[in-house]
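For reference, the structure I am asking about is given below.
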Amino acid sequence: MLTTYRLTEHHTAGGMSRFLSHLSELQPEMFAEISPELARELGVKNGDYICIVTLRGAIEARALVSRRIRPVHLNGKTVHQVGLPYHFGTSGLVRGGAANDLLSISGEPNVTIMEAKAAACNIVPGRLPRGAAFEEWINKHVPTGGPANLHPEQPPLDTAKGGENPPGGHGKEEKE
Amino acid sequence: MASLTALLSKWPLIRQIRERADGTGLEAMSDKTRAMHARIDDAQVARSICPYCGVGCGQLIFHKDGKLLSIEGDPESPISQGNLCPKGAASYQLLTHSRRETKMKYRAPRAKEWTEISLERAMDVVADRVWESRKRTFVHKQNGATINHTTAICHLGGATLDNEENYLIKKLFTAGLGMVCVSNQARI
Amino acid sequence: MPGLGTSFGRGGATTAQQDLANADCILIEGSSMAEAHPVGFRWVMKAKERGATIIHVDPRFSRTSALADIWVPLRAGTDIAFLGGLVRHLIENNLFFREYVVPYTNASCILSDEYRDPEGNGDGYFSGWNEEKRAYEGDSWLYKGGDLSRPERDLTLQHPQCVFQKLKRHFSRYTPEMVEKICGIPPELFHKVADALVAASGPKKTAAVCYAVGWTQHSKGVQIIRAAAILQLLLGNIGRPGGGILALRGHASIQGSTDIPTLYDILPGYLTMPHKGDQTLQQYLDTYTKKTGLWSGYPKYMVSTLKAYYGKRATAKNDFGYSWLPKLTGNHSFFEFLYDMLDGKMEGMFLMGQNPAVGAPNSRLQRKALSKLKWLVVRDMVEIESANFWRESPEIDRGELKAEDIETEVFFFPAAGHAEKEGAFTNTQRLLQWREKAVDPPGDCRSEAWFMHQLALRLIAKAKASDDSIDEPLRALDWWYPEDELGDPKTEAVLTEINGWYTDPVAGVGDSSGNESVVFGIDREGNPHHGKQVNGFAELKADGSTASGCWIYSGVLGRDGVNKANSRKSKDYLGHGWGFAWPGDRRIIYNRASARPDGSPWSERKKLVWWDWDSDKWTGIDVPGFVKGKPPDFEPEVGAEGLDAIPGDAPFTLHEDGLGWLFVPKGLQDGPLPTHFEPLESPVSNELYSHNTNPPEHWIGTRHRAMQSFHLC
Amino acid sequence: MPDESRLDQLREEAWQKGAVTGRGVDIAGGPIPRKLATASPSGGGPGYYGQPVVKPPVWTWEIPVYFFVGGFGGMSAVIALAAAIFHHVDLVHTAMWVAAIAAILSPLLLILDLGRPHLFINMLRVFKPQSAMSMGAWILTGFGACVVPGLIALELHVHQVFGGTVDQLLRVAAGVLMFGSAFFGMLLATYTGVLIGATAIPAWFLHRTLLPIHFGTAGLGSAAALLELLGHRIAALNFIGFYAAGIETVLLIWLSLDKHGAADRAIHEHRSGWLIRIGEIFNGPLALILRFFGLVPFAAISFLIGALVSRFGWIAVGKVSGSDPESVFAAERY
Amino acid sequence: MIGEGTKSTNQRRHSYVQEHVEVGFFTDPTVCIGCKACEVACKEWNHVPDDGFVWSGNSYDNTGHLGASTWRHVMFVEQDRQKGNQIVGSHSLGNGDGEDPFRWIFLSDVCKHCEDAGCLEACPTGAIVRTEVGSVLVQNDVCNGCGYCVVSCPFGVIDRRPKPLPDAGGAFKCTFCYDRQKSGLVPACAKVCPTESIVFGRLDDLRARATHRVQELHEHGYDDAQLYDPRETSVGGIHAFFLILGEPEAYGLPPKPQVPTIYLKSAWTAAFATAIAAIIATLLAFAFFS
């Protein structure tokens, strides 16, 4: 379960903060906050690289392992939560993956605002492949386990190419 | 000779001996340190508001003959009382950092690099583009009802624009050109 | 703004940040205030020093939680379940502030009999659901008899069809155990929060709620804010010092960007944009004017806005230029026209201070959409990703996009900084604050006002040269703004237009010194342009004799020629004398509710506005939000119109019934009461209703179903 | 601002190898991972995430070399004085030449190490007895002021350039200046120990009594060794060699016994500590044995090497101990 | 009740320099929100260059530690202990099912401006001086970068600025905004702090206020709150002192800092002894063996 948030040191999409040295050096790189339990499960140490994959795309981030984010135990099922700051992009003094690459375009009925605070995602330890290898890699790791429920207008999951995706679950298999 | 004694008297060792000090006090101060004062002492002040988040902290912008000196919190603001956050405190660098663009740039279709273009020329070209696109796509009537709009030009504004700028944008784009695809970040 | 707009009448924070210092309990949810609004959080810390309880509800233990007294690790997307649980707790244990709820809210109003709530068959639908259109329709939610102005009320709150009973039934299944199952928080923690809120309710105590995009950016964002509005109304905190709901805006002028909007569906002052069906002005006014309350003055505000746009050419004969306004034919918000861009139907785009290439959701789709444009104008201070997507984006790096086959012609205009142009921001507490210009912008940098002014001059010149009828609106546009030496339009002249004036110019009078209370009276060509300034929206007329760019801002630059947004002498802690808070410099809105129904303050500690019996008018620390001379026991006669139809003890003057809406009979797409639904991509199914996600949710791109997943685009 | 190309190069390298090896550009600018300061996963490490409490010294190779040069320079002036008293004229002559060269070389080394060499004269702005380096500056100035003119006077006197009274005057001046240079020389050789001893670095201040002794004796020994190598194989220098090597051996034993646990673990556990011990062995026991078997030139060389290596060792230990928070906490528990 | 008492002490003009009044900083981590405004304001006013964009992995602190180009450093300490009577996680709810408590503390670290300063005593050029307000100032035009102050500071604050950065070579540290104080202004970091965690004022007033604050915190359940102002050690107290929760080691602060001048006596005696011994040995050598 992915949630996004803001940092004090940066400003929204980063245009007014990623280009300033005094602000960029306070938060120089894209990171993802994960709980120690999830880190142990994925075999990831504090500071390693992890990739966050959703239906829409994938980005890489440094893993910040901290007790400040905790798994939620809902009647027997454990839901891991991952925190992602916005702010980063591909230009400026400091760069990183843009959390918005992962979010879906969905319109709230009254004001068509997107749902940015809760989305399903998959975590794969290691770095994001670049160049052409990206396409094939992402097919392997797309979260087919995905949401238990489907909104009537949500596209059925089988439209995702590459049928041989391993059954879902939170990145347990992708430990390589 | 006089200059020699003057030079000697400036030597902190002499001052140290004369004042029987241990060399760590005011006697070891250089003239530059003695003459130190805040660079904003005789600067003009413009009262402004921080451009970052919605809290609306007051800012004092110190400037002297056309150059920015420093930006600080405005103590009389009932909201911020002189304080700022890290982004607000970095406002001075926001306006003066070296990566800020100050030249008009243009990228031709299929080009790989930016090219220089004058501001006036760019304004004329944009006006032509808008005029042609509107001419091509303007819909006066739609099955009987006059709608007078075009959906081929859109505007996506940020929420850091002033109210007056927003007013002019809405007035020209919607009331003047009939553009309906006008949107910005603020929704709720 | 519909969340707060429908519940209380105005779409803006109901209180001021510095007023948080007087709260006895502060609930921060859907926001990490210490991180996103650090200086606003200073007042929360002042409250904490005075013994207030700070509660932070957030899936993540952020810097706000580090300073809070209670941290509630809620699962993301389940805010309505938590708030619903609190509402049920208040109602079941009779802990709500009864003396406040009965007179000031519509708890006692009787609903019509056709109204069905989701509890009936547990599928999450209200009455009036249309499956094909995937939307609610009909008016089964209105009060009994369909007239919202004078509802039938049962003050004992026992009537089975009254709002209170419906509310009780609606949230009856939101028990603490259900909250634990959905949100993942133990009941003891839930009760700690509930007790803290209840302890801070009543005549002597108030609690405040702060939220930000943590609530708004959800598939049911508006309903979450509605749930908070219900909670605060039941606790009796709205309109009182140290209470209210503070919407923490993310940008310097987000509130300004909805008051004077660059949005597709509203005109300045929350007037609705005309749709294809409203052919004539009269037809438009009939649909949107309300019989009672402040909105009964709709024609005055609309005509004044049209007079501001089209000036002398807007006359009674041509419906004040109403036909020139474009009519909407559907939803033209950014997500909708994004798909026109993807199909290549969008020719040109203006990007002024937004960075969709990384700032908008599904940015890979955004960058691809940008590459399909014919021309793109980007105005920013640095070369942002949206300006160089054709050179440095991940897609270029992966070869999905090649620079040589991207057709888009990109114009990059360097923009002026905040200290290089003057203008007003409206901050998160509806306060207009002026920025003085310090230095000239460097090099080619110019302000957006300069860009729009120069673009308008060129387009109007082209329109005057052509005789094509479609250029009629451009020729009619009243672009009168005097310029300064750099070519910038005088921003204070624009502010005078926003404030509004009497339209017939006073002959030979009116330089910018503001004598005869005319400000900037001379236009570009040097002839007199308009008459005296208006001092408030009460003076606006529907006959075209007045003009006002934005009626809710009227009063910011009145006849005294003083730009109140630039006044910097704060007289009291609420900041009167510093900046101008709309409406009418009122810092805490609906503050009639800070007095008992009989006009006396609730308590000595929490008094703000009260009725002064000997001088027969409302007085207090803040500008009273009520008709000055209307006594608290005023009873409107039958058939009264506009504001005189509002009784003396009804603080929410924008609603037809003058009451706080626990139940929203009209104005929302997805239901009168908040119902919990799972986020669109949730790993668990909905515990409360058979439907998992918010039914009328647009999963944008029904036309482009597959677009959503990254493979095909 | 370093230009973009260097940054992109670093990013490519970081992407392939996962970490940037070279010093690289300070502005990491995105995904250029550096070895993480923290070892344990939850960001633990002693103190505040393992960050140093005090700061390690910023000095580079010039300082240990200066210690070595200043040491033998100062002590050779002392030997020159003793030689003069006991009429070893040629020894005085060489010793004074050695001292003079050291007196010129030392300031050059110090100025080379300064962050702003052009402000070296500021060293004489004030006279601060409580600052070992201020004392050092004045001592070096005094030493230079005595040795150089002393040498000149000695040369003029020895070559009888002037006759009669001027020559008499020169002889007296040489004598007085030799006394001065010996006085300043002995201080110059030993103050360096105080300079390091009186700092906040645990491994240094815990051995503040050993350091002056070690530096002084090493200075004396290396002066004697150098003079022996320059051909003065006389018994006196041999005795001095014995004396110095003997004291160095005692110091080695004292150093290995006087342990302060974690406080000065930089000496006992870290490889920089080995540098000191090798140095001490060379100018302690090894020199003693070699001298005992009469292999004087070898003993001299071993002593000189030992003195130089141990100076480098002490500076290296200072750098390690300065960035180890554990040692500061341990040292302060006394 | 409404609105009074919020006028902050950090905004008033003063004439402490002219009146030779001893001033200080009192930093209170229980109200600090870790926003790093002090770090940015300090760099903006003094034009301090940026020193590296390296992601540290130490919670939200990517600044590392104080140094030549970082005069203010906000520390982020994650401990498994209770912060006052804050309710965080199941432990604090009483049904502690094995999940231990948690707290997150932010503290803005700065040069301590010691009563008896190691760098001040050690500086051979007199570049470091005690100003009229009792602060310790490095005069950038005098310092020749000898580096002796770097090893003499018991708190590891001062450092020599390395090559690629502008104005390299000299030693730098917090100047207590001496130029601002001479013009009657408050130091930039104190003025900008949103929650007045950093308070600037007369040293004695601040010390009184701090002791009162510690008692107040003890009443509210912060039982491990204490003042870090080492007056019992040779440093003799610091002008920029802190209130800390828990032991100083967790913040990288030395529990018993000593000013290095106390080591001078024993070092100099050893030095003189060696010198005299050397002379005697040399004279004896020449006496008996020539």
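Letters A, B, C, D and E name the chains as they come in the text, with residue numbers starting at 1 for each one.
The definition used in the following text is that contacts are C-beta pairs under 8 Å (C-beta built on N, C-alpha and C of every residue); 3 or more make two chains touch, one makes a residue touch a chain.
All values derive from a computational prediction rather than experimental measurement.
Within the contact network of the assembly, the step distance from chain A to chain E comes to 1.
Of all the chains, the one whose CA centre sits at the greatest distance from that of chain E is C.
Chain centroids computed from C-alpha atoms place B closest to the centre of all protein C-alpha atoms shown.
Counting C-beta pairs in contact, the chain pair with the highest total is B-C. Taking each chain's centre as the mean of its C-alpha atoms, the one that lies farthest from the centre of chain B is D. Between the Cα centres of chain C and chain D there is a gap of 73 Å.
Rounded to whole angstrom units, the spacing between the C-alpha centres of chain A and chain B is 33. Spacing of chain B relative to chain D, judged by their CA centroids, is 54 angstrom.
For the pair chain C and chain E, the distance between mean C-alpha positions equals 46 Å. In chain E, the residues that reach two or more other chains under the touch definition are 6, 34-37, 39-40, 44, 50-55, 57, 59-60, 78, 89, 102, 104, 121, 123, 126-127, 142, 194.
Of all residues in chain C, those touching 2 or more other chains are 1-2, 18, 34-36, 38-39, 42, 61, 63, 65, 73, 216, 221-222, 250-251, 333-334, 336, 354-355, 359, 380-383, 573-574, listed in ascending order. Shown for chain A are the residues that touch two or more other chains, namely 8-9, 12, 16, 19, 21-23, 26, 28-29, 46-47, 62, 66-68, 70, 92-94, 108, 111-113, 130.
On the side of chain A, the complex with chain B involves touching residues 8-12, 16-17, 19-23, 26, 92-93, 108, 111-113. Those residues of chain A lying in contact with chain E across their complex are 8-9, 21-29, 31, 46-47, 62, 64, 66-68, 70, 93-94. By the touch rule above, chain B contacts chain C in their complex via residues 44, 46-58, 61, 63, 66-68, 71, 76-81, 83-86, 88, 91, 94-95, 99-114, 119, 122-127, 129-131, 133, 136-138, 140, 142, 145-188. On the chain C side of its complex with chain E, the touching residues are 18, 21-22, 34-35, 38-39, 41-42, 45-46, 49, 61, 63-71, 73, 186, 188-189, 192, 241, 572-574, 605, 621.
Within the complex formed with chain A, the residues of chain C that make contact are 1-2, 30, 32, 34-36, 38, 59-63, 65, 73, 75-77, 134-135, 181-184, 213-214, 216-222, 250-251, 331, 333-336, 338, 354-355, 357-366, 380-385, 388, 392-394, 397-399, 668-670, 678-686, 692-702, 705-706, 708-712.
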